[in-house]
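Both of the next two complexes hold chain A, though its partner changes from chain B to chain C.
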Partner chain A sequence: MKRNLFVNLAGVLIAMLLGAIVMLIQGYNPAETYGALFGYSLANFYSFSTTLRNAVPLILTGLSASVAFASGPVNLGQPGQFLIGAIFCVIGGLYVDLPPFLMIPFLLLLSMLGGAFWSGIAALLKKFFRMDEFITTLMLNMIADYLTYWAITYPLFEPRANHPQTPLITKNGFMPKWGNFNTNVIVMLLVFFVIWFIFNRTIAGYEWRISGKNSLFARIGGVKIEKNYLSVMLLTGALAGLAGGLVIMSGPHRFIKGLGANYAWDGIMIAMVANNGITATLLYGLFFSILQTGSLGMELITAVPSELITVLQAVIVLVVVAGRGYFELMIAKIATRRKLKDRDIHPQFIDQNAINREDTKL
Partner chain B sequence: MNIMIGLINGMIAAATPILLAALGGTLTYYAGIFNIAMEGMMLSGAFFAVLGSYFFHSWIVGILFGVLGAILIALIFIFFSIFLKVDEFVTGVGLNLFAVGLTTYLLRQIFNVKGAFTDPGIVPIPKIQIPMIQNIPVLGKILSGQNLIVYIALIAVIFITWLVFKTRFGLRLRAAGYNSTCLDTSGVSSNLIRFHSLMLCGILCGFAGSFLSLGYVTLFTENMSAGRGWISLAAVILVSGNPLGIALVSLLFGFADGLGLFLQQSLPSQFTSMVPYVATLIALFIYSIRKKKKEALI
Partner chain C sequence: MMTDVITMDHIVKVFPPNVVALDDVSVTFREGEIHAVVGENGAGKTTLMKILYGMQEANSGNIFFKGNQVRFNKPGEAISSGIGMVHQEILLIPEYTIWENVILGVEPTGYFGKIDRQKSRQKVKQQIDEFQFHLDPDARVEDISVAARQKVEILKLLYRNVSFLILDEPTSVLTPQEIPQLFDELRRMRDNGRTIVYISHHLEEVLELSDRITVLRKGSKIDTIESSGATKRSLSQMMVGREVIFESIRKQQKTGDVVFDMSGVDYSFPKNRPLLQSIQMQIRAGEIVGIAGVEGNGQLELVNIIMGLIKPDHGKIEIQGDDFTHASILERRKKISFVSQDRANMGSCLNASISENILMTHHRLNSRFSKWNGIVLEKAQINKFSEEVRNSFDIQMDSTDAEMRSLSGGNQQKTILGRELSLDTPFLLLDQPTRGLDVGSIEYVHEHILQMKDEGHAILLLSADLEELFRLSDRILVLHRGQIVANLETEHTSIEEVGILMLEGGAQ
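Let's turn to the complex of A and B:
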């Protein structure tokens, strides 16, 4: 655990140092830039609550990807499931009107249904035709993109607007706000605890984790891989769909073209950098949200383009993942050396390649 | 007749970037690398091609920059996956997102625009008129007058086929994917072979990217590769890496794209834009059905 924390912190620091070097080359002041970045996202209650609100879709799509990757299915369909969830939520919000205490759960369920529907297509294609979900979900992403674009251009189009968008959903479907604190954070935290519990404390979660680590072992142990595959796909789709629904209900309250273009891919990125850990996903989601929310302030105060953050995020992912892999390799090497010493074999007489056959240099 | 010719030329233009990227992908496929960074390589290539063409007023520099831009991504891929042994899948996804971020950031920094950059100063890659052939009545308009990159792609198909199946390098390439330990013990570093295959993939994706931003259209837009890298990966998987098969499948995808444009008269453009992705799903579907039948026979 401690080792893990160290690798992650070191990776993030190295990535941010790299970012600072880029800023220096371009003639910006790194300290001032990072100051503006974190100041804008963390300085006071107002900005921190904005950061929290923005973290919700990142964490939910991140959880979706983490659970999927850790259990086996390579569900890369979060962007599509996010959009379909959002459009389901908008349709519900436009044509149904209930009192808020019924409307909000109804819309949340509807958006989860939308996401699960979209991931379910990929799951069924895999189940019946053995088509790899990793390509089908990607293609379904593009299809969802155009499908929702069509939906907001024609059937759900708001006539008064200049660009494609839907009318506002009913006021009863807005997520309540306390000051600037949006209650979508509470929904996200609830979902986080449920997912954490299912994944770590139930039999189903145990079966998923084992299938993700070694599906053959799981199968021999009596785990119904195919049934689990379907439930994981549906659950992760529902999570991504929920993210889409919550963005609608807490943000613009309507579907605007280009909604969530980044959230869902960021979620996949967060899952990767978090090594598919549930708690790590929460923390990294928060951290990425700090970066993204702060990037606007950074641009306002120091004129560094906010796009720098997208580069920084990808660098963080690559550096942390590489650092983790390399660190584990080093630890394994040290452990092997120590064992050899115990057996009185001098490490110099051991072929380095035998220690780690994979570690052949270029 | 003119509509037909237009449709066929549209097909060829749409197939070219997919074909080039898929040829790159097939090299890494044979080398046993799960390479999904074609999307990022293509995007980076497209951006740097515009950069080179705009600042040096020359399409040759444009292509050169495009290839270098794609190689940049390939080198990072090599550094992470071969050198540091990071999971190829994670590296690929990370790099694709890195390419999106990098090109958007540079677009903003260098050209001071958001979304898209277009300028009369960008020199497109010329179309090549072949002297004798261009006078043939109908075929002339298809065989001649295509973009230079289209001909490069055609040559690349033949070259890659020869490279993979007829040369020593090709044998080692396939060995690296088939049994890398065996290759290593016979004295050839499989990592070196993988390095070469990724560099070649970078070059081919660079051509694909240059074609996107200097041939197909003469501008750069954010994320303009639009899933073509993924489609090309699907193409590689569909034909298990055979270069000639890839050429056919790419033409099929090109046809789907052209069909989409053709359908635009009767359907909303959002649906016609979906056609290539739906076609990919259908192709994968047919592939899996055929595979099932084959397995049933055995």
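Let's turn to the complex of A and C:
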């Protein structure tokens, strides 16, 4: 745990240092730039609540990817599930009208259903045709992309709009706001706790975790792998779908072309940096939202283009992920040296390959 | 006097984090000899040869080839010096013909890199004839037998002018009938002036084939001896390091009702290759039945069928009178405790915590470990149970929250046994429960197995270690080429008799 925290903090700091060097080379002032970045995303209630609101889709799609990867299924369909969740939400919001206390839960459920429906297709393709979800979820992303594009261009097109978009959903389906604080954050936090609890404290979560680490062991231990596969696919689809629904309900309140184009891919990236940890996904989601939200301010105040933040994100991913592997390698090396020393043998060279392969077969 | 070709001098190899695979091993190979390297599983035989062959690096020590110090960084360098290795797994391209496989990577080429098919085929053909390999160079590899594929592997090395051949357990993929032929070919190669290193743990083979024998035990070299002076008994004593005949510690006791009943089980894969044929066995409460057999004679399939990982073509499995032939794995686990020989992949999850490893299967079978209708984990009970298992099986660990990986092999096995034996099922399936363990741990495991027998469990024990089978079992079934060829009372048989049955399959 402590080791983990160290690797992550060190990785982020090194990445920011690298970012500073890039800025220096380009002739910008790093201190001023980082100041603007964090000032615009954290300094006051207004900017912090914007950061929180923007973090919601990142964290939800990140949780979707983390839970899937940690349990085994390689669900890479968050972008598609996000879009289908959003379109389900919009359809519900256009054709149904209920008082807010019913409308909001109804739309949330509907968007989860949309996401689960989309990931469920991939799960069924696996069940009946043994098609790998790694491929099918990616392909379904394309289909979702063009399907929703078609839907907002023709059947759901807002008359007289000058580009593809749907009309506004009913006002009763808007997420309430307190000042600039959007209640979508509360939904996200609730979902986070539920997911954390399922994953760490329930029998099903235990089975998912073990299956993700060693599915043969789980299978021979009596775990129903196929059933769990289906549950994980549906749950993670629902999470991504919920992210899509919440973006509609807390943002433009309608489906606009190009909606949330990058949220889901960023979510997958966050799951990777977080090493599929549930809490780490929440923290990295927040951090990436700070960077992304702050980048707009940075662009306003300084001359640094906001694209630099994309670079910074990529550097963080590389440094943290690579650092994790390297750290393990270092520990293994030290242990080998110690063992050799115990035996009074001078280490001439240590077999890097053997460490990489973890090849302890004699 | 024959000259030395290769000298490996004070080789040390440590696998991270702290497994000492080779501890100061020195061996000399002479020109034109068949030199066997023997030792138990994990003794370091393969590692030693991989170091020579450039697949792994030693942490210290030197290698001398014809008097010059060498260090091969990759197999390619070893091959160009004339050293080649045939691995246990065969690596050929099935769609290619034999000659195409042989020349792959060193194709004789004409203008513009065009392969000279005529010439290369001719050369391969010549080599096949020279060593009397009886192969058709135009046959596709996918159409030929495993034994023939192995010959192609050897041919590949001969084609590259290798004069020093290392064979890693070559007979493990062969049927008994194919072995003498391989031996003839190896002798012929030796008589042609090549040096052959032969890795094996089959003592009969080694005594029959080799000129000299090097014995390794737990990463140390015990000795190099002339084969002519050695016997099976002296060799096995050197390999194991103690008087190998365990005292039988079985107690006579009355057995109860039939618990496990398997009848008429057939299994083929693919369809025309029978791996198990009409397997029949009954095990009573309080009885240990041992399965003896050379590895690869159907043991794996038998275990997988009992556990429900594969479905038999015909036949029936009953436990305490209930039909389990088509039961789900979870259903089976209510009646079967299972210790797998594959500790790292099937028996445990190395990167999960020890308590998570101990919880497996119990979490579904014992309501004590969950609350809210079997939905939520009952942490307190799980921790208590992990501590119970830790204490009653004397597992050395820092904490039950540590990763399974951090335990030594013996303690991992104790953890697995602790989990499985506390399931307290009527039937126990133990597949090589002491494989790779040190003597102390073996003793410990044996005591626990006998205790389970005393408590009236029915036990099926598979082991490659005949002494273990004789020490524990009441009856021994011999599995040979997928059939049970003998059902012997342990009292009325001997290791020699079982050994012969294992190899020859009885008088059929």
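By our rule, the second predicted complex is superposed on the first by the 338 of 362 C-alpha atoms of A that agree within 3 Å, B and C clash if a C-alpha of one lies under 4 Å from a C-alpha of the other, contacts with A are read in each partner's own complex, and residues count from 1 in each chain.
One rule holds for everything that comes next: a contact is a pair of C-beta atoms (placed from the backbone, for glycine too) under 8 Å apart; a residue touches a chain by one contact, two chains touch by 3 or more.
Values in this document were obtained by computation on a predicted structure and should not be read as measured data.
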{"item": "Which of chain B and chain C A:Val315 touches, first, second, both or neither", "value": "first"}
{"item": "Which superposed partner A:Ala204 touches (first chain B, second chain C, both, neither)", "value": "second"}
{"item": "Contacts of A:Leu340 with chain B and chain C, given as first, second, both or neither", "value": "second"}
{"item": "Touched partner set for A:Met269, first chain B, second chain C, both or neither", "value": "first"}
{"item": "Contacts of A:Leu138 with chain B and chain C, given as first, second, both or neither", "value": "first"}
{"item": "Chain B versus chain C as contact partner of A:Val7, first or second or both or neither", "value": "neither"}
{"item": "Partner chain in contact with A:Lys213 - chain B first, chain C second, else both or neither", "value": "second"}
{"item": "On chain A, positions contacted by chain B and by chain C", "value": "358-362"}
{"item": "Residues of chain B touching chain A in the complex", "value": "76, 80, 82-87, 89-91, 93-95, 97-98, 100-102, 104-105, 107-109, 181, 184, 189-192, 195, 226-227, 230, 233-234, 237, 268, 270-271, 273-274, 277-278, 280-281, 284-285, 288-289, 291-292"}
{"item": "Residue ranges of chain A touching chain C (in the complex, touch as defined)", "value": "201-204, 206-207, 209-210, 213-214, 216-224, 331-333, 335-336, 338-340, 343, 345-351, 353-355, 358-362"}
{"item": "In the complex with chain B, residue positions of chain A that touch it", "value": "26, 74, 76, 125, 129-132, 135-136, 138-143, 146-147, 149-150, 153-154, 265, 268-269, 272, 305, 307-308, 310-315, 317-318, 321-322, 325-326, 329, 357-362"}
{"item": "Chain C residues within the chain A interface of the complex", "value": "12-21, 23, 41-44, 46-47, 56-57, 59-60, 219, 307, 309, 328-330, 332-333, 338, 340, 345-352, 356, 359-361, 363-365, 370, 374-377, 379"}
